[in-house]
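Structures for review follow.
Two complexes, one shared chain (chain A), two partners (chain B, chain C).
Now for the complex of A and B:
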C-alpha cells in the first residue's frame, strides 16, 4: 500500500457521516414513498436500525483485523486464491458503485438544472475533482471533509427549520397502514443505500489513527447520518405528501423548492442542492478510493496513485453507459441492486468474520 | 527552456477553449418570460396562449409610462402543450421561459372534457415550479381571460395572482388552488379537486386595448367567481358564492371574511369573521362512515342596520346563536347538494375516514361516491363574538325614535 497519510478518529467520523448521507438523501425518499407510502418515514427508521446492525458487524470485523484493508482480510482469511477472487468481486463492485453515483450526479444536473448541457461534461468535471481528491490521498479528503462539514450542517438546518411550518400532520395519517413486508422492503432499500456501501470503508480503516476512538463513535455517527436522511424523508412526506414524493424524481429538491418565508426567502433550491453535491462528492470519492486501492493491493502494487487517472477515465466512460436510461436506473435500483449490495455488504463480511473466528478464535483487537 | 514555454502557452490556449461559457446559459435578452398561460381546446388539439412580459414596458422609468401594452400575448395550437409552446417560436422572437409563471387559466370547455392531459407537462418540465395558481375561465376561454389589460398591476398575470391571494385572505368564497394542491387531490382516493373560477365582465374586445387601463372604470374586468367542482380531472359543475364559502369553511381555508345576518327584529347586520378553525373527524360505526365537522369561529360586529341593544349580553348571545345557525345551515345545504346532486366528495371526507379507519376504508372506497352520498355528517359550530367595533350603540336607534 502506498503511503497516503493518516487520518484522525474525528476526521474518519466526519467522512462516515457524509458518506452515509451522500446520494441517499437525494434518491431514497422517493423509493421509500413508493413502497410504504405515508409510512415511508417508518421504513427509514427501520432502515437506520438495520444500519446499526451493519455498522456493528463492520466494527467487529475491523476490531479483529485493525491493520488490514478489505483485500488484506480476504487474503488472510480465505487464502491467496480465493481471497484474490473475492477482492476482485469487491473491487468490481466499488467500480460499479462509483460509476452509478457519478451517473446520479449527471442525471440530477441534466434533469433539474441544465438539461441542454451534455452529461459527459458534467460527469467529467465531477470526476476530475474526485480523482484529484483520491490522488491526494485519504488525509487530504478527510481534512477537506472537516472544513466542509459545518457548511453542510448549516444548509441542513436551513432546510429543516424553514420547512417545519409547512408540515401537515394529516399527510402522515393513517400511521402504520403499510404491511410489515413493505416496511422491511423500504428499510432494506434504505440500508442498501445508506449503510451497506460502508463496506468500502474497509480500505480506509488501516489509515485511521486511534482506531479505538473511531470504533467507539462509529455507531452513533452512522445513526446520526441515517437520522438526517430520515428527517428529509419525514419532511418529504409531511410537506409534499406521499403521492407527490413517490412520483417525483428528486423529492428533496422539490422540497427545497417549497421554501418560502414571507415571499422573500425563496427560490434557493440550487443553494440547497449544495447539500447533495457535497455529500455525493465524498460518496463517489470513497467508492473510487476503494476501487483504486483495492486494485493496487490485489495486484501487489506499491502505490495506487499511478492508477487514478486511467481509472478515472474508465469511471467517466462507464458512468455514461452504466444505465442506458433513467427508467432502467430506477428498475435496476429497485430490483437488482438490493440483493447485490446485500451479498457484498452483508454476506461476504459475515462470512469473513465467521471464517476468521473459526481460524483464529474470537476477535481480541490484535493479531 | 523554449520547449517548456511553448508547452505552457499551448496548455493555456487549450484551457481557453474551456472558458467559452456553458451550454445552458440563459441570456436575459433572449428569454420571453411567461407570467400566465391559458389552455383551451381547439378541435382535438390544445390551444395554448401565453402572456409574455415586455421588458421595456415594465422596467421602472422616469417620464411617465408609455402607451404600449406591458405584456404581449402569443397563441399556438398543438397536439401536446409542449408542441404548442415550441411552435410559438414561429411568431415570438424569444424562447418561452416558464420559471416565473404566476397563473395558469384553463378554458371551461377544456375543463369539462378533462384537464389531466394538459397538466402533465406543467409537472414534468424542469422550468415550471408548482407554486402558481390554477383557475378555470368561467363560461369563456382562457385566451379571452389573458387578453384583458388590468389597472393597478401593469402585468395582468400579477393582477390575477395578487387578487387571488388577497381575496383568499379576506373573502371566504375564494381560495387559491396551486397545481401541487390540485394534483395531490387528484391522486387521492378520498377527495375530489376544485379550482377557483375566473370570469370576464364587460367588453372583451375593448379589454385587450391599452385604452382599457386609461379609463377610470375599465371596460373589461376580471372577477373571481365560485369554485369549479371536478370529478377526477373533469369539470362537472360550479359552486355558487354561498356554496364556495361553505366549502372553504369546512376545509378550514377561511382566514377572514364577513357574514351578513338578519337582525332579530328585521334589518341586516354584518359580522366580520376574523379567525376560524375547522376540524374534520371521520369514524366508522357499525360499518357506516360518519364525519363530524367542528368549526370554531371568532367574529366582530362590523356593521349594523337595525335596532338592537348592543349593551346587553343577551343580545350578543342571541347574535352568536343566529350566526351559528346560519353557518350550520349553509354548510349542510352545500354538503347535501354535493351528496344528492353530484355524489362527489370534494370535502375530503373519504380522506378523514381513511385516516381514522384504514381497514374500513379499503372496503368503503370501492364505492365511495355512493357511500359518500349516504353518509351522515354532524356539524358542531361554535362562534364567539369578541368586539363590536369603535362604537357600541348605533346612532340608528336614535334615528327612528
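Now for the complex of A and C:
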C-alpha cells in the first residue's frame, strides 16, 4: 500500500472538481426536473448548500485523522472487528458505485451514439482504461486530471456561452411553484450524486501532500463543481424547458444538440460529450480505486495492483447485471439510492467523527 | 462460443501478465485472492453471457434493506420515481 505515490494539494483539488461533476452533470438535471419541475435549479442550489455541509464534515474527519484512509479510520475508531465490517460495507458500495457508473457509460453510448454496438464491448473498453489508470496509481490519475482540466473547462465554457442566447426566461416561470419538501427532495438527490460519494476520496486522502492546503481549498472547489452542475441544470430548464428535461434521460446531451450559431457552428454534441467522458472517467476510476485499495487494506495485502484486472472483469460483468433495464434504474436511483448513500456517506462518517471525538476525549483511550 | 474463447484468452493474458511478479515476490495472499477473483469473474461472466444464468443482483439486496425507507422518503419529499 505504501508505493502508490504522492499527489499534490492542487492535483487533489482537480480530482475533487472532476469527481464532483462526475455523472451528475449527465443525469441529475432530469431527476431534478422530475421532482421540482421548473424550480429544478433551486433544488440544485439547495443541493450545493447540502454539499457544502457534507464536504465540511469530511474535511473535519480528514483533519482529525490526516494519515489514515477510510478503512484505517474505521479500524482505529471502531476496533478491529466492527471496523472491518464497516469497511466491507464501504468496499461493497465502492464496487456497486463503479458498476453503476459503468452502466451509465454503456447506456449513454448505446442509446445516443453507437446503437448497434453491444453494451458489453463499450463497458469493457471503458473498463480497460479505468483499470489502466488505477493500476498506475493515484499519482498518474491525478497528473492526468491536471492535464485534462483545461480542456474540460474550455468545453464547458463553449457549452454555456453558445447556449446563453437561447435562454428563455418564461421557462422558469412561475418561480417557486414547487413545495419546500420537493425542493428538499431534489436537493437530496443532487447531494447524493454529487457530494456524498466524496466519502470514497478518503482512500486518497493519505496520499495528499501538504494536506492543509488541500483542506483549505476543498470546500470552495467542491462548491465550484456543484455550481457547474447547477449551471447545466439551469440551462436545461431555460433552453429545453422543464417538461423535455424531465422526460430526457440525458438532458445535457440534448442541450448540446441545441447549440447552433448562425446555422454554421452546430452539431457539436459529440465533442461536448467529451465533457462527461472526462468527468465520468474520473468518477469510475476513483470508485474503482476505492474498491481495489479498500479490499487490499481490509485484507492487509501489500499491494492492490495485481488484483485490478480480475476486479475489472467483475466490474464489467456486474455493470451488465446491476440495472436490468432503465425503468429499474430510474426507480432504484430515485428511491433506494438516496437513503443508502445517506447512511454510507453521512451517517457513518458522522458516527466515526463522534466516536473519534469521544474516544480521544477520554484520558485512557486505547490508541 | 466467441465469448467463451475471448474470456479464456483474456484470462490467460492476465495470468501471464501477473503471475511471474506475484510468484517472484512470494505474495501468497495476493496470489490466492488473484486466482479467486479471476475464476469468479470469468466463471460468472461465462455463466451469464454464454449460459444465460441469472446472477443475483446486489441492488435487489440493497433495495430489500433501504427500499421501504426510500419509498417513504420519496413519497414525503415529492419524488415520483
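Basically, the second predicted complex is superposed on the first by the 360 of 367 C-alpha atoms of A that agree within 3 Å, B and C clash if a C-alpha of one lies under 4 Å from a C-alpha of the other, contacts with A are read in each partner's own complex, and residues count from 1 in each chain.
FYI, a residue touches a chain if its C-beta (ideal position, glycine included) is under 8 Å from a C-beta of that chain, and two chains touch if they have at least 3 such contacts.
As the structure is a computational prediction, the values presented were derived from the model and not from experiment.
Overlaying the two complexes on chain A, which is it for chain B and chain C: clash or fit?
fit
Centred on chain A, what angle do chain B and chain C make, from Cα centres, as a multiple of 10°?
110
With the two complexes superposed on chain A, say which partner A:320 touches: chain B (first), chain C (second), both, or neither.
After superposing on A, A:320 lies in contact with chain C but is clear of chain B.
In the superposed arrangement, does A:358 touch chain B (first), chain C (second), both or neither?
In the superposition, A:358 touches no partner, neither chain B nor chain C.
When the two structures are overlaid on chain A, which partner does A:81 contact: first (chain B), second (chain C), both, or neither?
neither
For A:117 in the superposed arrangement: first (chain B), second (chain C), both or neither?
In the superposition, A:117 touches chain B alone.
For A:147 in the superposed arrangement: first (chain B), second (chain C), both or neither?
A:147 contacts neither chain B nor chain C.
Once the structures are superposed on A, label A:177 by its partner contacts, choosing first (chain B), second (chain C), both or neither.
So A:177 only meets chain B here.
May I ask you to name which of chain B and chain C touches more residues of chain A?
More residues of chain A are touched by C.
In the superposed model, how near does chain B get to chain C, counting Cα atoms only, in Å?
Nearest C-alpha pair, chain B versus chain C: 9 Å apart.
Considering each complex separately, which residues of chain A are in contact with chain B in the first and with chain C in the second?
none
Can you list the chain A residues touching chain B in their complex?
Going by the criterion above, the answer is residues 111-118, 121, 170, 173-174, 177, 240-241, 243-244, 247, 254, 257-258, 260.
What does chain B use to touch chain A in their complex?
Per the stated touch rule, the residues are 22-24, 126, 129-131, 180, 183-184, 187-188, 351, 354-358.
Which of the residues in chain C come into contact with chain A in the complex?
10, 14, 17-18, 21-22, 25, 27, 29-30, 33-34, 37-38, 40-42, 44-45, 48-49, 55, 57-59, 62-63, 65-67, 69-71, 73-74, 76-81
Can you list the residues on chain A that touch chain C in the complex?
Touch list, chain A to chain C: 34-36, 92, 96, 100, 120, 178-179, 181-182, 184-185, 188-189, 295, 299-303, 306-307, 309-311, 313-314, 316-318, 320-324, 328, 330-340, 343.
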